[in-house]
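Here it is, the structure, as structure tokens.
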């Protein structure tokens, strides 16, 4: 190993005892990080990547047990260091750490200033004024406007993105040599994610830090990391230079992961690769390769013997009996046929199933214990229409009103203005049972969308029971047919949701939505709670079912690669309004609205070697309670002018796309945005 | 903020009125206050005289509003039984109850907080199990029985403390123990779970990542958060102790508000019961309001909304 | 007023939530009921509690056959006999006799009956009131929630023992009255937990899904939400049983509970109190019975909570 | 430790503990010359004119003197603040006052003070608790000469001296108009009130200027303190730990136990109180009540084992009572039927009355729960379904006065008066709330007796009334009470014959 190594981990294991057995969260991994380098650790949930991060400074939960041959940090063995030594010399001093949840990772009862300065005063004998000056300096650096006044603020006064910036500043207070970022952008919206990644990258280069970036997002890691380590079931299955690993994956799991990402294989309209099955729980003794049960290349040897570590070049190795080579590279799934529906717009005019006309929705909310009620305009005169058999993707960041819109469309929320028309009838006028036969939802979180007290059979068959369709036996048969259709084994009929994996639950939720054979299905972020390999399975299933059952989808999502893969048309929402709506290819390749453009730019496709783009967006997503005047996007818009601040634009049709922007006609190149408009920092967005 | 205080104050008033009218009606319909005033062996004529004189023959609502009118002028009426102004009665009895409440609250705090904190710091060890079994036992011991046992042991067999009464600090030791013990389980459990929650929170992990450890981690990072629910529960417990140490005051023959209330119930001494309940309700609401304000001071999220 | 309510019942809510977190590992492949039973089999406190309660319940149910004497039969000439292990005790009266010469053992056995009846009766009434109101307030919200909120504030602000005493004093003493009065004053905990849980469940997608499939609000509240509250209600129920038993004992001790000559442990302590320095068993025996019963019920409650609370991912 | 009680181990052990402990405390009170007595009920006022409680009476005998007093030896009514008296006519009483009587504030007692006191009580607006007692018979009071007053009666009233002795303590003229008085009470008794804290304690101090001619003169103990301790168990504990010197109304069981300890003395004395069960013969509560049948009432009389209850539960000097008065009261010599305990006969009578399977009713009670329970048990034994309604006094009174009870167990102390008018008279008068007989003729007899001065005639009238009550079985007369006192052995305390302690007689043993 090179002498320039700042961190050298050998044989690190973490075990977590549970009621019945011991979970092997990390199984003897070794890592090496050089000064100034960024290592990306990638893996799905349960792969042990976060445990690895926490184990370095021994921040594991109390019950977890850590063992390591050595954790050599710049000559000190952290595996041997006492808790006190770690706290005094390492934590916050030489290694800084950023966590996933900015909303909960800052202490809510202390001011930002205190939390920043104490990091410094705890370790160094400096005056409060010095620490404060450093804090202001860093806050400015991480891009918080008006940093001096921020010191008096409390975490709840900041938005998620701002809090994450504060977290970064806090980690940098003592100029650490190593920064560990554990999923730093997962909880953030895509535009914010790009900003934060950009910031991290800049700071790292400027300060010459090393960084460990932990993420599940291959797109993120491909842009931000020099080296990559792919983790699966507590072990590093493949590691090496980012470009090499992603361009030339050797381990079947790495390859599978890449195939699962929509858009990676250059293909909208192409069926996604998917890794069957689920991550096994690493308890008891592990025989053979942990991936064997899901691996299409697995041979008998894989199930009995632990595969050896095969080095390809220095610092690049994989752990597999039968690695993928260029010759043997083949897709993991059997069928790769392109699906027809989304392949090209059909020539025949199709009837419009669902029309949303000028729908507005206003809530009244009280903020805090002492606050007054204020109106919150969640939807502002939204209009949409969906044709039979079409997939319309509704895209937007959190808080933009897309969930309210989908609830309004389903009739679960009555609009305060406008109307939703389903097959020519106003949805409010439809009796609930009749409405239910026409439109059904699939929800984001398969853990909350299934009643934990009911069996899967009950859940899927419930609509039949509610609508009194058929006899008990017929209902049962119908349910079984539906389970087969959505790919659920018949044996789970009497199981409870708790006993199913996330993917299986989502299949059950799909089954329940489709058992009444509705015309329109509202898919509200159906895959965002799932791991990427499972997401692929579900997306494939949805497309298959659409073809088979002639369904119409309203597909609500924030994930642009999913949009690109699934949608026929795209509607982009911002702050309760549809700012752009049109044909998928048109919108995605030639966005007219500056917000759409920023969204498209912030979608990080897997492109090793490319950097994180600078979006030119200022500020964060505003709170809909304080809706800006004029065009609601103007405070963040890089091309806003006086006109935008004064008057809200109306929708206009450009090409085949409806756009709401004064400047949509002005053609701006996709890259090379104008620089950040500094004067636009007046947008003080607020906490939830 | 002011708006909030006013709203809560209005709520408190509404609650107090509702409750006091309820009690008023209850007693007037079901008992004969005239007989109470006249006494056990009183002749019939006397009872009738009293009935007329006090106006017990008038409609209940009229009587209630007369009383309420008095209260607004600061006149809580005269006790039927004690024949003296209720205000004086309450002044005489309040001291003991306040003393007892504060003493027992101290007992609660002294037992529950250290136990709860040590249990939370070492979950699933013997400390934790000891704390939990203390809580379970304290929850199961009938208050009055504990009082009797303490009297047998510490006042009669080993006469360290007086049996009953309320004249010196020594009189308050046993009652404070009994009353204090009754709130130990609630406060202990809340302290333990509250601190456990805080300690397993993300921001404590952040603090550890910053290098905080040991007492600094607890005092400078966790305590303030863990205090929030404890402040509320202590306020509630103090409220209950100020209003209802009925059992303890009876067992130890202490002349506090709780016993006054019980005797007034037994004597159908309506003005006294009325006023006491009004005061208990107001005290309770004010205490919880105070707790909310303390919490608002501790927690900027509440303060700023 | 939310904070008061949280504070009042906060401890147990918090512990409910807490054990939620402790039980984070799922027994995949087992139904919730079986998993709970599995855990129950390993739960020491629960086993002890069940053992004690089973014995007590058997005595309570079969009291007429198991009690050696009629608990009401007075023999004035044999009054105040000490238990058999004290000098002067007789084998016929194992635990001695009381001031009317009634067999103390028989009275304690019948006392278990009274305590259990009242505990279960009062807790059921409280559950009925609290769960109904909590479900209504939590699920429907609006003015209903406000009204319930006001009711809770009233209930909380009045010292509950005083209220119970006043009610019993005015209505009159009998077992039924005591059950109803204690039940009617102990529903806040159910309400707070039910309302809180309902509010949380209401936001979950399976409720939206049921709504989307055309279920009425009532159907959703009863068929979808209520089954998810059962575990928590069960836990509160056991804890409230213990509270009700203690409340009854306190009431009877103060002379406003179960009327004589019904054997109630609290009443027996009150009756024995005048002689407690010389016939201490008159106070100690019912006190210990009460303590054991209540501790067993509490342990059962804690155990049920540890064992049943469903595992959620978050 | 005394060994003359070959007693049970447990008791001896407890005794041992207590014996070790008691000497530490026992002499403390003698040193400070303070007698500490426990009261079970709180006293609402120290002014006897505004109190009806027995504790008020006890206290008043220390702080107040009336014109007359009840002689503790004979229970006769003798002059106290009065030097002498003379019945001028049946309705005119002249009284000469002592000239050496001094109020606690130092002023001398005059005839004007006496007139003021009685006129104050007579005045309807003064709302004294004593008013109804004398307003019935007293018309006016006038000063004849300095030191002489005349009482004008409305009707011949033999119990006038009793009412003056028991009910009317003398007050300084202008007492109730004077808002500025700071002493709790300005009386003429041998003790003055030092402090009074309602519901907690009353502290007295010997009044050194008390008139020497009084039969009550020269009390031995300087300070007295009355502590309110409602709970019997607590009182016991206080006595055992030396917190109090004397306990009144001690339940017999406690008295038995405690008296076996050294350093505690038990005294037993009479009480003029009797216990009884009233049956709703007038069918007030329900026109169809079984108690309107004489045989049912007789059956109840036969069913209750009064002997056993008296022997085991009331104990001491208590006796079974057969008539509606205390045997020591004047006029209490009925010779009508006496009902012996006979459950078989009781059942038979019930069957004859048409209730072979018994019936169901509530027995109300407010004191001596043990005895009430024992009664219930006896009645259940003859096949009656009895519910015990044990309630507080004010509820009891409300229901009783509404004439809503079928049967109730109660007791009456006759205000310590040894005359049947205070018991039989009170309970069977026409408008008495306690009268459940509905017997007009009986009421007339009682009224006549009350207005008769001649002792022989009165006695005959009361006998007639008592026999009528017994024949009709309106009551089940139960027993006379026995009073138990527990006290520190240092204390010398003469047991009162009428159950009302006179603490001015108490002294320390040397």
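Every chain is named by a letter (A, B, C and D) in the order it is written, and numbering of its residues begins at 1.
Here, contacts are C-beta pairs under 8 Å (C-beta built on N, C-alpha and C of every residue); 3 or more make two chains touch, one makes a residue touch a chain.
This structure is a prediction, so every number in the text was calculated from the model and none was measured.
Participant: Return the chains common to the contact lists of subunit A and subunit C.
Facilitator: Expected: B.
Participant: Report the chain whose CA-based centre is farthest from the CA-based centre of subunit A.
Facilitator: Result for max centroid distance from subunit A is chain D.
Participant: Looking only at C-beta pair counts, which chain-chain interface has the most contacts?
Facilitator: Counting C-beta pairs in contact for each chain pair, the top pair is B-C.
Participant: With centres defined as the mean C-alpha position, give me the subunit C-subunit D separation in Å.
Facilitator: About 45 Å, centre to centre.
Participant: Taking the mean of the C-alpha atoms as each chain's centre, how many Å separate subunit A from subunit D?
Facilitator: 88
Participant: If you average the CA atoms of subunit B and of subunit D, how many Å lie between those two points?
Facilitator: 39
Participant: Can you check how far apart subunit B and subunit C are, centre to centre, with Cα atoms defining each centre and the answer in Å?
Facilitator: 22
Participant: Residue numbers in subunit C touching 2 or more other chains?
Facilitator: 169, 273, 276-277, 280 - these are the residues of subunit C that touch more than one other chain.
Participant: Would you mind listing the residues of subunit A that make contact with two or more other chains?
Facilitator: Counting only residues that touch two or more other chains, subunit A contributes none.
Participant: In subunit B, which residues are in touch with two or more of the other chains?
Facilitator: 30-31, 148, 156, 200, 250, 266, 292
Participant: Which of the chains touch, listed as pairs?
Facilitator: So the chains that touch one another pair up as A-B, A-C, B-C, B-D, C-D.
Participant: Along subunit C, where are the residues that touch subunit D in the complex?
Facilitator: Spelled out, the residues of subunit C in touch with subunit D are 72-74, 76-77, 79-80, 82, 86-88, 99-100, 169, 172-173, 255, 259-261, 271, 273-280.
Participant: Any idea which subunit D residues touch subunit C in the complex?
Facilitator: 8-11, 14, 18, 231-233, 236-237, 240, 251, 253-254, 257-258, 305, 308-309, 311-313, 369-370, 372-374, 376-377, 380, 387-392, 395
Participant: Considering only the defined contacts, which subunit C positions touch subunit B in the complex?
Facilitator: Touch residues, subunit C against subunit B: 1, 3-4, 6-8, 10-12, 14-15, 17-18, 21, 150, 153-154, 156-162, 165-167, 169-171, 242, 246, 249-250, 253-254, 266, 269, 273, 276-277, 280, 283, 287, 290-291, 294-295, 298-299, 302.
Participant: What residues on subunit B touch subunit A, complex-wise?
Facilitator: So the residues of subunit B touching subunit A come out as 1, 3-4, 123, 200-214, 216, 220-221, 224-225, 292, 296, 298-305.
Participant: So in the complex, the part of subunit A that touches subunit B is made up of which residues?
Facilitator: Residues 57, 59, 61-62, 83-84, 87-88, 90-93, 96-97, 99, 101, 104-111, 118-119, 122-123, 154, 156-157, 167, 170-171, 367-372 of subunit A touch subunit B in their complex.
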